[in-house]
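Each of the two complexes below includes chain A, the first together with chain B, the second together with chain C.
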Partner chain A sequence: MPRADIAEHFEPHSKLRAMLAAITASPGLVKVALLWLLLIVFIAITARWIMPYDYQATSLLTRLLPPGATGLDGNFHLLGTDHLGRDVLSRLFTSIQLTMSVAVFGTLFGAVVGSSIGFVAARFRGWVDDIIMVLVDFQASMPFVIIALSVIAVTGTGNLLLFVLLVGFQGWERYARISRGLTLSAVNHGYAASVRLLGGGTMRVYLLHILPNIMAALIVQVSINFPETVILETSMSFLGVGIQPPNTSLGNLLSYGRDYLLNAWWIAGIPGMTIFLTTLSMSIVGDWLRDVLDPTTSRR
Partner chain B sequence: MTRIVIRKVLRAALTLFLVVTFVFFVLRITGDPVSAMMPDDTDPAIMEQLREQWGLNRPLSVQYVEYWRNIAKGDFGNAYRDGRPALEIVMERVPATLKLALTGFTFILLTGFPLGILAAVNRGSGIDRAIMTLSVTGFSLPNFFLGILLILLLSVNLRLLPAYGSEHWYNLIMPVITLGTAGGAVIARYVRSSMLEVLNAPYIRAARARGMTEREIIWSVALPNAAIPAITVIGFMVGALISGSIVTETVFAWPGIGRLLIDAVSSRELAVVQTIVMMTAASMVLANLTVDILYLIIDPRQRFGSGSGE
Partner chain C sequence: MTEPIARPLRSERLPLQISALSVILGGEAAAVPIIDDISLTVGVGEIVGLVGESGSGKSVTCLAALGLLGPDWSLRGDIRIGSAHLDQRSDPRSLTKVRGRDAAMIFQDASASLNPIQKIGKQLTDTVARLQGISRVKARTIALDLLHRVEMPEPEERFHSYPFQLSGGQNQRVMIALALAGQPLLLLADEPTTALDVTVQSQILDLISKLRDDTGMGVVFVTHDLGVVSEVCDRVAVMYSGRIVEAGTVAQIMSAPCHPYTKGLIDSMPTLGGHIPNGIKGQVPSPDKRPVGCAFAPRCFKASTQCSQERPGETTDNHGHSVSCFHSLTEAEGISDVENGGASVAEFPVTEGEPLLSLKSAACDYKTRNGVFRAVAKVSLDLREGESLAVIGESGSGKSTIGKLILGIEPTSEGKAFFGGQQVPLLGTQAHKIFARSVQLVPQNPYLSLDPRAPIGKQIEEPLVIHRIGTARERQAKRNELLEAVGLARAHADRYPHEISGGQCQRAVIARAISLGPKLLICDEATASLDVSVQARIIELLRNLQRQFKLSMVFITHDLRLVRSLCNRVAVMRSGELVELNETELLFAAPRHPYTRELLASIPDVVSESSGHRLSSQ
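After this line comes the complex of A and B, so read on.
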């Protein structure tokens, strides 16, 4: 068997094995965080099938039941019910699904757009680069939520796709900065120039040669950006300018529950705890990922 | 030095220019502000009349120049609901937000710096680990949930503080903790790593060799040097305080700009929204400029050398 074939055959496998080895060697806290994230992802994927009741079904007979109570209609509610008698567990599951979908799609969108902008700046240099860098600086000096709110003010709430893209756009300037800077130094490294000499086109050089080389830095940025996207989405939904009913995100649940803190803490408390544990787990895993992927950075 | 300052001022002016341009274009992205502001069932004749009145049927370039002229005069348009000048409506809310933000800022400094120093000095110990755990927790805790937790704990369970209100000094306690915790957590982390870097520097070894005590080294040598990079983060904090105050003011019904912005976005009071966006941008730009110039004054290395500010 030729050498290249062997390498090709074994590489994905050994990468997976290295990943597993890294996870096994991780501190206990990281394992717990990974486990929690795994649970959240599982719920996000299967919410539709595992939620016990229709998340929109109201029942005046079973309003504000505490966790673990059984309603007059004989239905058991593990996490209680809200002010309209809706099952909190079912609402929690469907909210996890929406929050995680928005975070995944939004983060990916922002990462792809931001990195591409950085590539464009590095590829064309000159005035294109200048304009992009001015925009990057501008974005870095404005709180993103203000920009998002001014767009929402004009377009109105209720456009889910626009909202996902908007939320995902947060942090684009950091991807742009990273991909631009790393691409510029990669171009000087010679391997990109050699591919070009061999006749590789721009797309080939960037996507097949430069991108894999700067992937680690971009993944680290994703791990920082992802919890930020979750927090931005849930904050905006909490404020009433994000996800609109009948859709529901974890932020929406919290904002309904706020009015019932006195006699029904679980309506706000349980989704709040879920957001917190999720962002906390992401930070812990992100920190760990940074150490694994980039051994040169000292732990901050 | 003057050259660097001039460049920074020019850059600040450019940012402000971009903000105004951004707001101008965003307001016109969806067609025109009239159909965005008015209910869908408004009589087309009235909409046309409003367009005429606001000069929206003139060429974009003419409108753009006019827009600048109005802003220069301090005219940000009138609120659609009661016809009052938007600037006036926003200015009424400034003191409440300023009070909250300044107290929050003090809270961030008073928690972040001591905790960061304490962690760095006790590197690797239980104290260090405890502070860093606290920092990660504080940073991951979404402020709207923190606010709700505080209300649950201090108002509902312990009955120590009223959940709402803004008249008394103690009304500030919960909003300030809500606003400042994430910032304090970030600063603590930053101060710690910056302290650790400094503590490894050769001049610390030199100070030790000269017989300075550890206490002297930490307070009079390491801290001033470690504080310099932390100043840059403080520039970022202004942005975090502004976005944080939006949530905090909503949770605690605090009568400031943040809540006004949310109300204005929900009711599509575009004149108010654009006023707040521009004022926010202006204060951010000013804060960053001040930090940059402070940096130049405090750290002589910045004035010479490679001009590494870029």
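After this line comes the complex of A and C, so read on.
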């Protein structure tokens, strides 16, 4: 019965419209979270242009100014200044940019690598599958921070690309598990078999047919994984083995602000709140996405 | 035999009386009557068939009668089951008392309706104890007795079995025993035999009739199979789009249908007589798109302007045969095409010479935990160009495995399979890619075999892309040709599988299968998941394509009725062995193997097989 309905209302841009409709119908909390993420993304993209001052410019005369204060040089600091007199707002914007970039590229890298490993396991089965699944179990039973710290200990700090890859690697085993499991069931599912019977090769079956069908589950995993990557990056930077000065990330800000927590709360408090609100928003949106995208939890 | 435990007949109370029932889905604003003003009575010891295509509201009627609909639904009108009276004000808890005790229901998939981790004896005992309010010890005896009554083989041992250890038919027997536990007045049976093999189906049908005779309970038998209806039912109500369009005795409905829809359904049925089924165009409208006048008008061959403006009232003749139609069919018009059966097989020239396909004592083994299971044992058969062969068998007979051997999905464990003089290559090899151009499959479930995330048109073109045939424009032209050949509109090319009906999906699958110009088409239960009215039209399409493209076909099915009009020869399989292989006409006229005879006898047919005439009305 419902099929006829959908068919009649079918229009070319229905996917976009369905998404917009889903957003309109989402609970208020999700809307707030989406707005916050939108703001963060905007800041991350435009940080270079919208920050009021150079984030590295020190001014010892205007140290530890509280939010909303104007320094002796007449500069207005909306979020105050830090222990070297640097503008906290500018530093926050730059940090959001770096943290988000690391998280986005890292997460995408992990998703691609993890899902591919899952595909390989599902395609070859046998001993390849066994070895991959043992590795997955190893990974799942070890805190990733320990692995990350030991890798940094060997390679040293300061290599940004390496750090992005390392952070991104976190959670690969979950992508691998998901894509392997879903692929195994999809392979036995009629459509994959049909394409094979028509003469379609492995790449066609996996990339053009199975991948679009398991995409929803992978996107949900990305939305769960993303805040974890943010937290991993900030913790590593907090420990001093992540982003190195003069670059700055939310973790660095938190780390330097720690010493002044009692007399200048804004140095650590503001980036801390930003991390908290951003990861929380992502989790809320992720939960909501899972409900929207996953046919097994969606109400009919 | 055991003591009958039936209560004395309560003839003063009708098992089911539905009057002016409407079932509405949704709140005030978006209320849609799914069931629109129906009345139905089931007398003591009466089996009333409820037939119609999917989406016509048969199951909703049953669920409504048991008060099993969710909170989004509301009822108007009333339902009486024995002395219990349900309406929209009924307390949900009072319904729990009705369920099981006064009315019970059995479903299509019995094994899914039983608790998989409890032994069936315990499930039965618990239900008996709860419904009859007796101790578990007493209940246990009754439970065992119930298993005897549903003719469970070795009931004492089965009592300690889990559902997964039983066959589909045995699970259905357990379901029936559970339904009987409360000694109900009314049994609602929703497609109880659809998932079963024909031989098992006929046993279950016999059982339901027998239990009805013993206990005097009324039965509502929901089915889409008119053959089953003429086998077990006393009366029939034909439903269309939430309304009852015609009701009467089986004889009245089957031999003198008054409503064009009923006739359409009867004509859609394949029969053992070889009648070429004739489907109904279009599909059941969803309730919110129901036309103003007669809901069937857009699909009806007798529709007039009156039909699309006014809703026809119900007229009843003196024999209780009621119909809602402005243009009731006369007796002559009502005579179904089934009568003009006469086979029309073998009209395709079968070439001489080398066979196109040949299995030479081919066997196929599957490895299981308990060793090797032989799915197909040394089968030899030939198929010539232009010929179509039916492979018939029940589940587990190895008929699908034969298809897999021919398609190269499974390797032969012994013997060989040849196509066009060469051995069938195994799926995944380079040789198989070339082979795939000549041999294609039409699988059972069209929704599963199409990628849900790709538009239909793209999927029909895909084989051409894979085999690098033509330019993008040529492929598009070919796609449009194919869409037309299978009776789809060009607009369907942009639709996704979930946006079109099952029949249209199956057409798209067929278009994809013939896009490479194959010589041989393997149809594995290609119509089993479709409504009869749609099935008939797909069969018609296959026949046309067979003629148009000179296709050879292997038609794998459990339904013997389908093959007579479609296939030149029939191979009957049983537990992996080929028990009989013969020309279709000869096999139907004089089946040699006892199993073939059993199969033929089990099939519920709208035409009584002895005389070739339908049940005479009395």
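Going forward, the second predicted complex is superposed on the first by the 283 of 300 C-alpha atoms of A that agree within 3 Å, B and C clash if a C-alpha of one lies under 4 Å from a C-alpha of the other, contacts with A are read in each partner's own complex, and residues count from 1 in each chain.
Please note the rule applied: contacts are C-beta pairs under 8 Å (C-beta built on N, C-alpha and C of every residue); 3 or more make two chains touch, one makes a residue touch a chain.
None of these values were measured; they are calculated from a predicted model.
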{"item": "Which superposed partner A:M142 touches (first chain B, second chain C, both, neither)", "value": "first"}
{"item": "Which of chain B and chain C A:H209 touches, first, second, both or neither", "value": "second"}
{"item": "Touching partner for A:L198 - first (chain B), second (chain C), both, neither", "value": "second"}
{"item": "Which superposed partner A:S283 touches (first chain B, second chain C, both, neither)", "value": "first"}
{"item": "Which of chain B and chain C A:W265 touches, first, second, both or neither", "value": "first"}
{"item": "Partner chain in contact with A:G158 - chain B first, chain C second, else both or neither", "value": "neither"}
{"item": "Partner with the higher number of touched chain A residues, chain C or chain B", "value": "B"}
{"item": "Those residues of chain A which chain B touches in one complex and chain C touches in the other", "value": "none"}
{"item": "Chain B residues touching chain A - in the complex, by the definition given at the top", "value": "11, 14-15, 18-19, 22-23, 26-27, 29-30, 33, 36, 136-137, 139-145, 148-149, 151-152, 156, 163, 189-190, 192-193, 239-240, 242-243, 246-247, 250-251, 261-262, 264-266, 268-270, 273-274, 276-277, 280-281, 284-285, 288"}
{"item": "Interfacial residue positions of chain A with respect to chain B in the complex", "value": "134-135, 137-138, 141-147, 149-157, 227, 231, 234-235, 238-241, 251, 254, 257-258, 261-262, 265, 268-269, 272-273, 275-276, 279-280, 282-284, 287, 298, 300"}
{"item": "For the chain C and chain A complex, residues of the former touching the latter", "value": "55, 283-289, 407, 409, 427-428, 432-434, 436-437, 440-441, 443, 445, 448-454, 462-463, 466-467, 494-495, 498-501, 509, 512, 516"}
{"item": "Complex interface listing, chain A residues touching chain C", "value": "1-8, 10, 12, 189-191, 193-201, 204, 209, 212-213"}
